[in-house]
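Note that subunit A is present in both complexes that follow, paired respectively with subunit B and with subunit C.
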Partner chain A sequence: MKKLRAFFCAVVILGLLQALLVPKYTGNVREGNLIREYYDNAGGNDVIFIGDCEVYENFSPITLWQEYGIPSYIRGSPQQTVWQSYYLLEETLRYETPKVVVFNVFALKYDTVESTGDQSRREAYNRITLDGMRWSGSKWGAIQASLTQEERQWGGALTYVFPILRYHDRWSELTWKDVRYLFKRETVSDCGYLMQTGVEPMTDPFPSPPLTKRTLGDNSWRYLDKMVQLCRDKGVQLVLVKSPGLYPAWWPEWDQQVADYARERELLYINMIPAQEEIGIDWSTDTYDAGLHLNVSGAEKAASWFGRILRDQCGLPDRRSDPQVCARWEEKTARYEARKGLLLEQGDS
Partner chain B sequence: MILQSPWFILFAAGLLVVYYLVPGKHQWKVLLAGSVCAYFQVEGARVGFLLTTFLTTLVCGRKIEQARERGERAGGWLAACLGLNLALLLGCKGSLLLPLGISYYTLQALGYVIDVYRGTEKAEKDPGKLALFLCYFPQLIQGPVSRASQLRAPLTEPHAYDGKQVSFGLQRMLWGYFKKLVIADRVAPAVEILTRDQAGGGSFALLAVLYALRIYGDFTGGIDIVLGLSQAFGIGLPENFRQPFFSGSVAEYWRRWHMSLGAWMREYVFFPVSVSKPVRRLGKAARRRLGAFGKRLPVYIATILTWLATGLWHGLTLNFLLWGMLNCLLILIGEELAPLFRGLKGKRWYTGCSILGTWLIMDLIRVCDLFPDPRDYFRGLKSLLTGPWGQIPDLGLSSLDWGILALGCVVMTGVSLVQSRWGSVRELLWKRETLRFWILFALLLAVLLLGCYGVGYEASNFIYNQF
Partner chain C sequence: MMKKRLCMILACLILGLTACGQEEQTVSGGDPVFSAGGVEIVIHADAAPILEALGEPTSYSETPSCAGEGMDKTYGYGSFYLLTGLGEDGEVVSRLWLADDTVATPEGIRIGSDEEQVEAAYPDAACCEDGSCSTYWIDGATASLAVVLEDGKVTAIEYSAAGQTSCD
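This part shows the complex of A and B:
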């Protein structure tokens, strides 16, 4: 009995230490909380957005609700790769069956883990996406598909099972926030949308590096095929979208390949770049980082424009007549407006 | 699969479970299968080297025994086996194409064949058992170098599960990980910076001290992991260290540091050379002409050849040759001067000074490892007299790192003191269950939280893995 008690105490101490050491993403990298926030909002969404920063910063689900009565959620995370998108979609479809899944095609440019660039940064992005997922076969698959060479060498998936093996040396950078958010994190997003209220106009166009890879890679297509199949199996309409943006470049060659792919499989593909003027995006006021991503004003415009497509071309109904759904979304809308007000106020001061 | 990777730990844990689940007579097959898998995983492309050693050892061992039983000479088979395997070893060391464990399994193979030739060991009939003796995976990585008489039986005998032995083994592994991951790997980047720096003086002195700390933590830690895992399997491997930094002379140091290599060299180089006909003849002649000094000449010759072999075993580069010869020189000088200090033996201050002096000398000799060009090493030694003393580069260690290192040194020294005075720490703690549990848990936390491992850390291989 004594032994058992000591063993139990040791396990509890290890568990507490692990909870203390994992990053809480309370500073500048709030994105680390996006994936985990879904589970409190799972179910009842007609649209699920999947993709990288071009979805979680460029579309406002609250606007979709306010203007079209479309309940939606964004399962986005920074530099989310197509294989991560696939497993996130697989997981999401276990929680709910939306009518439409919108996948941002920009991630197709990354064909392999190595092709995503700096591998230590890749590992950090992996952590942000994968640590937030609940344990399931989808998470395991996402981990296996995402590991960098260095992660494989140092225990790979094991470090996701026991994150203390990854964050063991964070004790030197612990702050009071690590204690405060030991068990419960604060909500950073509005239905997966990470609000940015700053304005940094685009003055000079970003210099685009030359196009080195004209065709999108086999691995990317393979995972997109799997997403198409998954949606077909579940009776969900898959919409491919290229979110508005000036940089990094979405090359016409890639656009053509995606358009051909969508045509062959009878998918809807919307490239929002040529429609930026119609959407009303003003790159001197609607971006918070000089043209890379949209701020809240831009995201609301993009959602407003895209909502019409969802309504008209995907036939999504207006749920504002359903009192139960309405009550839930009114609450979300109030939180969104409060956050916007607060952030704008902070920005002004 | 390096010893400190989580995969190694998982692999070893899985093997341990299977090992105790199968009937005793099949346990050695589990070890063989595990060893072969581990070797293929790490060194699959160069498995030919191990296979060649295995086949030559198997065939020559049998042929030598058959020849001996028939009363025929078997020297040819012995020479062929020694020649081929030494050529392989030296060839690999010369080309820096070092297959995993070649330095260790070659010595074991040669020792086995020599023992069969001498008739002290029976030739192995079962190829599987001989293969296991050569490629037993924990030991293959960095020793210890076991003799056939020490290892063949424990490897193949059945071992019933003994909770105390398994627990002791795992405790020792944990202690090894502490020394490797918390101490050795923490100081490793600083050693690399100081080696590159070559400013001399203070920088060189600090390098000598930090490298001693690194290699101590690295090598003894690695051996603790190997011996601990083997103990968990119920296999007692020969000890490789006995508090080497408490030695009062260079000769004593070498009886306490890398003991298994020293024992191998004594058994298969030193003794055969010192009793060989030419050396005995030379000894007789020298005694007639040089008196007492001449009497000792055979021992000196054998010592020089032994250290030459030890140096070459570490690497076919000038610095290892120099390192071997420096050790040899200091041992011989120590032996010659020993009578002068006989009266001081037992005095505390003398013992203290001897230990400190030996530690400093060994630090300065050992650092030779790091300078492939001996001129750089001699420049460093010279700079200890000329300076500069203030030019220490930024070592990338925070004050917290220094604190951990200092605390780690205190803990390691404390454990060594307890071991030398009262014996095994694990045995002392065995009866005090609660205290033992929390000490081990604290050690586990220290390894988990303070260890230098994982993403963001340079995977630092064991130093003796490279020899």
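This part shows the complex of A and C:
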């Protein structure tokens, strides 16, 4: 009995230590909280966006609600790979069955874990996506698909099961915020949308590296196939989108392959890059980082334009006549407007 | 007694965990090298001494990385561009590409070279795409060199981290 009690105490103490040591993502990298915030908002969404920073920074779900009465949520995370998107979709469909899933195709350019670039940074991105997922077969699948070569060599999967093994050396970096957010963190997003209110105009175009891989890789297609199948099995319409943006390049060769893929499978594919003028994006006012991502003004324009497609081509209904849904979204809208006001005020001061 | 033992076990566990650091990443031998201004440039190398040796760039731009961890910086030197990012120990070289035919790889390949010259210079290069080889990949342990051809002529040359090729 005593041994059992001692074991139980050790587990509790290690659990507390782990909760203390894991990063809380309260500074510049707020993105670390995006994936976990979904669980408080799961259910009742007609649209789920899945993908990288081009979804969580470029579409405002509140605008979709305000203008079209479409409830939506963004399951986005930085440099989210297509295999991570697949497992996030699989997990999401256990919580709810939306009418439409929108997948941003930019991630198809990464065919393998190694092809995503610097591997220490890749590991950091993996953490941001995977540590936020609740435990399930989907999370385990995502971990297995995402491990870097170095992590595979020393059994890194275990550090996702017990994050204390990864973050044990954060002792010296601990701040009062690690204690404050030990059990409950602040909500950083509005339905998965990470608001940016700054303005940094695009001036000169960024020099773009040459196109060395004309063909999108087999592994990317394999996971996209799995997403297509998953959506078909659940009766969900999958829409492929290329979010507006000037950099990094989305090459015409890739665009053509995605367009062909979509046509063969009767999927809707919307490349928003050629429509930027029609959307009304002004790269001198609608970006906070010189053309990589949209700020809130741009994200509202993008959502406003895309909402018409969701309504007209996907047949999504207007839910604003449902009092229960309406009440819930009024609260979300109020929080969004308050956040926007605060951030704009901070930016002005 | 039980409490003491429990405390000792926990202390040992924490100390043990704290002691195990991650291995430092080093530049591996056998990686493709580019040479300019008397300095050898390898992907993953510390950027500071290279940038100092290359002198003032003719153009410079920076973009935040996806999750706000450091900046991706692009230095232009007229005939080539150098892209750096934040590595574990500071700014490191992450990509390099040639912009015109005034510079060549140490093996003598430049924009405009023909396919025969590429095959002679890189006899072990991998060719990953179907049909005619449009990109030759020269893989090292941690970095790759891509030589892109169109209509039998080199149109682009890029050094980047290994693993970009899809011929695995």
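The rule is simple: the second predicted complex is superposed on the first by the 347 of 349 C-alpha atoms of A that agree within 3 Å, B and C clash if a C-alpha of one lies under 4 Å from a C-alpha of the other, contacts with A are read in each partner's own complex, and residues count from 1 in each chain.
Heads up, the rule we're going with is that a residue touches a chain if its C-beta (ideal position, glycine included) is under 8 Å from a C-beta of that chain, and two chains touch if they have at least 3 such contacts.
Source: prediction; values computed, not measured.
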| item | value |
| --- | --- |
| When both partners are placed on the shared chain, which of subunit B and subunit C touches more of subunit A | C |
| Which of subunit B and subunit C A:Gln324 touches, first, second, both or neither | neither |
| First, second, both or neither for A:Ile164, with subunit B first and subunit C second | both |
| Touching partner for A:Lys2 - first (subunit B), second (subunit C), both, neither | both |
| Partner chain(s) touched by A:Gly155 [first = subunit B, second = subunit C, both, neither] | first |
| Partner chain in contact with A:Cys53 - subunit B first, subunit C second, else both or neither | second |
| Which superposed partner A:Asp218 touches (first subunit B, second subunit C, both, neither) | second |
| On subunit A, positions contacted by subunit B and by subunit C | 2, 6, 10, 13, 17, 120, 150, 164-165, 168-169, 171 |
| Interface residues, subunit A side, partner subunit C - complex | 2, 6, 9-10, 13-14, 17, 28-29, 31-32, 52-53, 78-79, 111-115, 117-121, 124-125, 128, 150, 164-165, 168-169, 171, 204, 206-207, 209-215, 217-219, 247, 289-290, 292 |
| Complex contacts: residues of subunit C adjacent to subunit A | 2, 5-6, 9-10, 13-14, 17-18, 21, 23, 25, 44, 59, 61, 63-69, 74, 76, 81, 83, 85-88, 92, 94-95, 97, 99, 129-130, 134-135, 146, 148, 155-158, 160-166, 168 |
| Contacting residues of subunit B [partner subunit A, same complex] | 5-7, 10, 398, 400, 433-434, 437-438, 441, 445, 448-457, 459 |
| Partner subunit B, residues of subunit A touching it in the complex | 2-3, 6, 10, 13, 17, 120, 123, 150-151, 153-155, 158-159, 164-166, 168-169, 171-172 |
